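What follows is a pair of complexes built around subunit A, which joins subunit B in one and subunit C in the other.
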Partner chain A sequence: MKNATVKKAALLILLIMMVMGIAYPTLAPFQPDDFSSPALLPPGGKHLLGTNKMGQDIFSALLAGFRVTISIALIVSFCSTLIGTVLAISCAFYRRWMDRFIMSVTEIFIIVPEIIVIMLFAAFAGPRVADVVMVMIFFSWSRITRILRGKAMVIINQDTLQYTLLLKGNLFDVGRKMWPYLYPAVATLFIQQCGRAAVYEATLSFLGIGDPALKSWGRTIKAALDYEGIFWGHTYLWWLLPPILCLILFVLALALLTFDFDESGERSD
Partner chain B sequence: MFFRSRPSLIWLCTVLGRNCMLLSILVILGFLLPRLIPGSPLSFSADQIDVLNAMLPEETFNRFTDYYAPEQPLIKQFAGYLRHLARGDWGYSFHYGLAVREIVMSRVSLTLFLSLTSIVISTLIAVSLGTYLALKGSEYLEKGLLTLLLVLQTIPVFLLAILCRMLFAHHLGWFPAFGAYPLGMTPADAGFALHFLRHAILPIAVLILNTVPPVAVLTRNVVQKIKREPYVEAAYYFGIREKIIWLYYILLNSFPEILGRLNITFLYAIAGALFVEIIFSYPGMGTLMKVAVEARDYPLIQGIFLVTSIYSIAINMLFELLSIKLYPRLTKMT
Partner chain C sequence: MRKRRLLLLFSFFLLFMLVLGGCAEPKTTAPGPAEGSSGDDTRGERVLRLDEQNLGFPSVYTVSSRGRGYLLTSFLFDTLTWKDEKGLVPLLAERWELADDAKTWTFYLVKDAFFSDGIPVTAEDVKFSFEYMQEHPHPWVSLNMVKNVEVVDDHTVKVELLDTYAPFLSEIAGNVPVMPRHIWQDVADPSQFNTPESVIGSGPFTLEHFDPTAGTYIFAANANYFLGAPVIDKLIFSEVNDPAQALADGDLDAAQHLGYGEAMRLKSEGRFNVMEGPGFWVYRMYFNFDLPEFKEESVRKAFYYAINRDEIVEKAVGSGADPGNAGHIHPDSEWYYPQVKEYDFDPDLAGTLLDEAGIVDKNGDGIREFNGKAMQYELLVVSDRVNEAEMVKSYLGDLGVALEIKALDQKSVDSLIKEGKFTLALNGHGSFGGDPVLLARFVSDERSLGSTPSVTAQGGGQWVNEEFNDLFARQMKEMDYEKRYKQVARLQEIIAEELPTLTLYYRKITFAYNPEALNGWFFTKDGVARAVPTVQNKLVYIRGTWGR
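Moving on, here comes the complex of A and B:
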C-alpha cells in the first residue's frame, strides 16, 4: 500500500461524507423525526433501512447523522485546537510560571482520562447541544497544548522569533511569526481532534447525555440499544450496524489521513 | 549504600508530592465545576431550588440541602465539602436513597477485576507481539499487522464491545451476552466460578483488543530503536548468541521506556472498562455510572468521579514507583 494512495482514498471518503452531510435534506426520503410510517419495518420498499420503534425512517436518521456528527466534530475540533495553539504559544512566550501552570493543568488530563471528565461534567450541564459542546471544548485542549508546546519551545529559538522578541513583540506578533513553522503540526492535530470529538459525541449520546432530539449517529446507536428486541431476529443488522459502521469509517478515514506508514504510527495520548 | 539510596528517597518524595497535588486539584475541580456549569442543581439560585424541591421526594431533598448546604457562602460550602470527604461521607444518592460510598464500594471490585485482568494479559501479548514484529517480522507481515493494529486502535472501545457482543454472543451464541453471572445465582451455588469466568471472557477480550494495539506499536518502536544502538551491533560482532542479545541487550534495555509510557495506556484501559461494562451490563462501576447519569443522580456522579480519580492516580503512582524501583538510574537523569 502506498502512502499517497491511502491518503487520497481517505480524503475522498471524507469529502463524500461531507457532501452527504451538506446535501442531506434533498437526499433523505423522509424527515428524520416523521413517525407516520409503521414501526419496525424491515428494509425494502420506501424504507431503505426499515423503520425504528417509533416508525421513523432509519436511513434518513443515518443521513442526518452525517450533518450533525461531522459539524459537531468540526466545531469542537476547531475551538479546542485554537485554544490549544494559543496556550502553547503562551507557554513559549511567557515561560516561567505561566508555562508551569498550563503544563500542570494538562498533566491532570493525562492522568484522569479526558472522556471521564467530559462525561461527568456534561452530565452536570444542561441538556442543550451547546452546553455539551462547550464541555467537550473546555476539556479537550490539553493534548494539543502539550504537543504544540514542545514544538513552540524549539521554534522560539529560531532567528526570526528571537528578532521579534528583541523588538519587544507581544504574544500576537510572536504567534504570527511562529505560525508558518507551527502550521503542519496544527493541521495534523486538528484532523486527529475531529476524530476524537466524533467519538466523544457518540460516547456521550450513548450514555444519554445531551439533547435527546439530536440526530447524531451516537443517538441512533443509543436508540437501537434501548429497544429491548434489538438482538432478537435481525433488527440490529439494519438499525444498529449502519451508524456504527459510518462512525468507524469516519474516524478511520481521519486517522489514515494523518497516519504515516513509513514512520511509527504511535498513539500519543 | 547510603549514597545510592538517598537520591531515590528524594525522588520518592517528589513523586508522592506531585501525585498528592494532582489529587487535591481534582478534589477542588470536583467541588468547583458542578457549581459553575449552568444547569446543574448546585448552580441553582434560591427560587430554582424550589423546582428541585418539587422534583425530588421530600426526604431526598432534605438530605441534599443538608449535605450541600446551598444557602451558605461558597467558602463555607467548600469547608463542608472537605469535612465530608475527610470523614468518608460522600452524600446520599438520589436514585438509590443510600449512602454513595456504600454503593460505589460494592461495585468497585468487579471493575478492578475486569481492568486488572485485561491489563496483565494484554501487556504480555502486546510486549511479545511488539518485540516479535521488531526483531523477526518480515516487511509484509509487519505492514499488515501494523495496519490491523491501527484499525483496531481507532475503533472506539464501546463500539468494539457492541460489535463483539453482536457477533459472539448473539450471532454465534458462544458466550453469554450480559451480566457477571446467571440471574438468581449466588456465589454459594455449585459451578458459580465457571459461570463467572464464562461471563467475563467477552468483556475482557474486548478490553484486550483495545489495549494491545497501542502497547504493541510502542514496544515495536522502542525495540527497533534499541536494536540499532551501537552496543547491540558490537555484541553481534563479538559473536554473542542471538537469544542472549535479544533478551539482555535489547529487551531489558527497552523496558524502562516502555514502562514509562505504559501507564497512560493503562489509564485509558480504566475508562475502557467502564464503557465495556455498560455494553455487557456487567454490574461494576460502569453500569453504575450509566444509571447515575441517566437518573441525573449528582451525588453519585461525583462519588464515581472521585473513585476514578483516586484509582487513576494510584495506578500512575504505582508505575512511577515501579520504574524507580527497577531502574534507579532513571532518578539521576531528570
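Moving on, here comes the complex of A and C:
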C-alpha cells in the first residue's frame, strides 16, 4: 500500500516534469537565450526566478532544462538499454564463442569507469549534443548486458523458449518469447539508466564538455557557479539551487520508481 | 530490507552532492611558508604571495609564449632597457646613443651587474644573446632587423640594424634577455634546456623552486642586484581557483586574476587596495580569409554593424571593458586616431549591406546564402568566454547567419587560429598597446621588419592590402613622432575601412593587494615588456615599500 503511494507520487512527479518539458515553449515567458532584460534582477513579477549575469530569464532556462535534460536522459537510456538487451539475448541464443566474445567485450567496458571514459571521449568529440549523446550511449550499455545475460541464460531454459529453439526460431523469435520474463528487469535498468544519464549529462556540462550553448540543468549550474558573485547576496537561492533541486528531484523520482519495480519483480520470481 | 534501500538511496545522493561539491570546492590555499614565518625579529621574512597560472619552466625558451610567461623570465633575466609608469628607463644599459645614420645603437652597460653565479655581465653576453636569439627564433622577440652586434669594450656594445627601426629601444632592447654566454653557448636545443643553470640570469630574483605539476613558482630575492636588493625576500606564484577569496582569507597578499565585478566588490569593502587600469588586451573576431565570403568587405562590415559592442561589454564582461573601435588601436594609446569610420550598432544597415551585395535568403529558411551555400559557420571560442559567443551568435542570427559555438581551451584555440583551422573565431590577447608595431599582425608580406608575438598570429588565407603593407614598412623607419603619427593614423583608417578583424572590446584590468604587504604597485606605461597588461613589473619589487 505504502509502496504504491510512493510509486504513484514518483510517477506523478515524472509526469509533471515531462509535461513541463513538452510544454515549455508555451510556459516559458522568455526565450532562454534572450539577453535583452537587465542583468541580475532578483525574483519578481516578470522574472519568476530573476535573471542571470547576462540578463537571461532563469525560470525559462530552468524550463528549457526539463526538455533538454529529460530528453537526453530518455534517448541515452533507451538506446543503451536496447543495445544491452539485444546483446544479452544474443549471448543466451548463440552461446559458445559468441557468448564468450560479447562477454569479454562487456568485461572490458565494465572494467573502465564509465564517467571517466565518457568525459575523455566527449572532450575529444565535437561540441554538439548529438556527439555527447552518442558517447554516453556507447559507454553505458555494458552493465545492462552483464545483468540481463544472467537472466536470459536462466530464462532460455524455460519450456516455451526451448520449444522455440526446437522449431529453429531465430534471434528475434527468441527475443519475443523472452520478453515477458525479461521485461521487469529491462524496465528497472531502463529507469536506472535514465537517472545515470541525467547525472552524466550534468557532470559533463558542469565540466564544460559538450555544447556550451545547451540549456540543460548542468549548464545552468555551471553558469551560476562561474558567476563570481554567486554566494555574495542571495543570488544562489534563485540561480544555483533550482536547477540542482530539479536534477535531484528527477533522479530521486526515477530511483523511487525502480525500487518499487524491483520489489514486484522479486515477488513474481 | 526497506531501510537498507532507503539508506542506499540516501547515500547515493550524498555521493552525488559530494561529487558536485568537490568539484566546486575552491582550492584557495596557496602553498609556501605562509604563517609562522613572520617572526618578530627586526625584519622578518617578507614573503609575497600572488596568484598566477602555470606558465611552464621559467627559462627563456621553455616558458609559455604568452606575455605573462615572458614576465616570469624577466624576474630572472635583465634586458638593456625597461619601462616604468612614465616610460622607457635604463636597465643593464645605463645610457645609449643613436648614430647619425639612425641605424646604429651604442649601449653603455652598467659595471656592477652580475649573473647569479657571480660572473659579471659584459658586452660579450649582450652580443651573444642577440646572436643566440637570431639563431634560435623566440616567439616573443624577432631580431630580423638586426644586422650585426659588435663588442667595443667590456661594457660597450654596438648594435647595427639593416634599416631604421623606430621602436627598437622599447621593443627589441627592452625584450632581448641577456643570457650568460658561459652557460648558453653550448646549448643546442634551448626548448629542452630546463636545468638549474638555465635560470641563471642577472635579474632581481633567482628561481628557488618550480613545481611543474602544481604550477607553483618560488623566487628568492637576489641580494646583489645592481639596482639594489628587492624589498621582499620571497615571491611565490601559485595557481589559485578563487583569488578574491584567497586574498580575503589571507592566503594571498595580492590577487591579479580577478573578475571585474569581484574587484569592484573588494574595492567597496575597503579592506584591500584595488587598482583599475587599461588592459592592453583586446578581444576580437577572426575571419578565415580562405573562405570567399569573408574576403567580401560587405560581409565583414555587416557583421560589425550587427554586433552590439556596448551590450557585449555590459552583459558578457560585466562592464569590465571598453567597447572596441574600428581602428583597432586602444583609445588610451598615444597613437590612437579618433576620426576613423565608425560602425555603431545598426542591424538594419547590416541587413541592407548584405542585401545590396546580393547575399540574401533565397530559400526562406532564415539563413542567407552566399553563392548558393548557406551561411552557416562554426564559431571557435575559449570555453570561459562562451557568453560573448552566445551574444554574437544571437546578433548574427538576427542578420541571417547561423553560428554553431565550438568551445575549447585557450591553448587549442590559439593553435587552431595559428594554423588557420577555423572559420570564425573569437579570441583575446595582450601585447596590445604601446608601439604601433602591433599592427604588424595585419601585414601580409614578408618585407616587414616588425613582428608581433606569434601568439597573436593567424594562419590560413591573409587579408591583403598593399597600401597598408607599404605604409607599415615606412612608418617603422620614421623616427619623428608627428610624421609617424600621421602614418599610423592612416593605417587605422585602412583597418577601419576594411575590417580585417572585428575589434569587440578592450578589457580593463584590476589588481587588488593587501596594503599590509607590498605597496608601490603601478601600471607600466604601454604595458610591461611588449605591452603585457599587468602590474607585474619587476621594478615594483625594487622600488616598492613593505607595509607591515
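Assume the second predicted complex is superposed on the first by the 256 of 269 C-alpha atoms of A that agree within 3 Å, B and C clash if a C-alpha of one lies under 4 Å from a C-alpha of the other, contacts with A are read in each partner's own complex, and residues count from 1 in each chain.
The rule is simple: a contact is a pair of C-beta atoms (placed from the backbone, for glycine too) under 8 Å apart; a residue touches a chain by one contact, two chains touch by 3 or more.
Since the structure is predicted, the reported quantities are computational estimates derived from the model, not experimental observations.
Visitor: Is A:V199 touching anything from subunit B or subunit C once the two structures are fitted on A? First, second, both or neither.
Guide: Both partners, subunit B and subunit C.
Visitor: Which of the two partners, first being subunit B and second being subunit C, lies in contact with A:L225: first, second, both, or neither?
Guide: The answer is both, since A:L225 touches subunit B and subunit C.
Visitor: Touching A:D33 in the superposition: subunit B (first), subunit C (second), both, neither?
Guide: So A:D33 only meets subunit C here.
Visitor: Mind working out whether A:C91 is in touch with subunit B, subunit C, both or neither, as first, second, both or neither?
Guide: Touch status of A:C91: no partner.
Visitor: So in the superposed three-chain picture, is A:L207 touching just subunit B, just subunit C, both, or none of them (first/second/both/neither)?
Guide: A:L207: touches subunit B and subunit C.
Visitor: After the superposition on A, what does A:D131 contact: first (subunit B), second (subunit C), both or neither?
Guide: first
Visitor: Determine, for the superposed model, which of the two partners subunit B and subunit C contacts more residues of subunit A.
Guide: The larger set of subunit A residues in touch belongs to B.
Visitor: With both complexes overlaid on chain A, does A:A61 touch subunit B (first), subunit C (second), both or neither?
Guide: After superposition on chain A, A:A61 lies in contact with neither partner.
Visitor: Counting only touches as set out at the top, which of subunit B and subunit C does A:L252 meet: first, second, both, neither?
Guide: both
Visitor: Is A:Y236 touching the first partner subunit B, the second partner subunit C, both, or neither of them?
Guide: first
Visitor: Show me the subunit A residues, by the header's touch rule, that subunit B contacts in one structure and subunit C contacts in the other.
Guide: 126-128, 199, 203, 206-208, 221, 225, 244, 248, 251-252, 255-256, 259
Visitor: Taking the complex as given, what residues does subunit C use to touch subunit A?
Guide: 5, 9, 12-13, 16, 19-20, 23-24, 244, 259, 261-262, 265, 311, 314-316, 318, 381, 383-384, 386-387, 389-391, 393-394, 404-408
Visitor: Show me the residue ranges of subunit A that touch subunit C in the complex, using the header's touch definition.
Guide: Per the stated touch rule, the residues are 33, 35, 39, 53-55, 126-128, 199, 203, 206-208, 211-213, 221, 225-226, 228-229, 232, 244, 248, 251-252, 255-256, 259.
Visitor: Flag every residue of subunit B that touches subunit A in the complex, lowest number first.
Guide: The touching residues are 21-22, 25-26, 29, 33-34, 37-40, 42, 143, 146-147, 149-151, 153-156, 158-159, 162-163, 165-166, 169-170, 177, 213-214, 217-218, 220-221, 264-265, 267-268, 270-271, 274-275, 278, 289-290, 292-294, 296, 298, 301-302, 304-305, 308-309, 312-313, 316.
Visitor: Sort out for me which residues of subunit A touch subunit B in the complex.
Guide: Touching subunit B: residues 1, 104-105, 107-108, 110-113, 115-117, 119-121, 123-128, 131, 135, 195, 199, 202-203, 206-209, 221, 225, 231, 236, 240-241, 244, 247-248, 251-252, 255-256, 259, 261, 264-267, 269 of subunit A.
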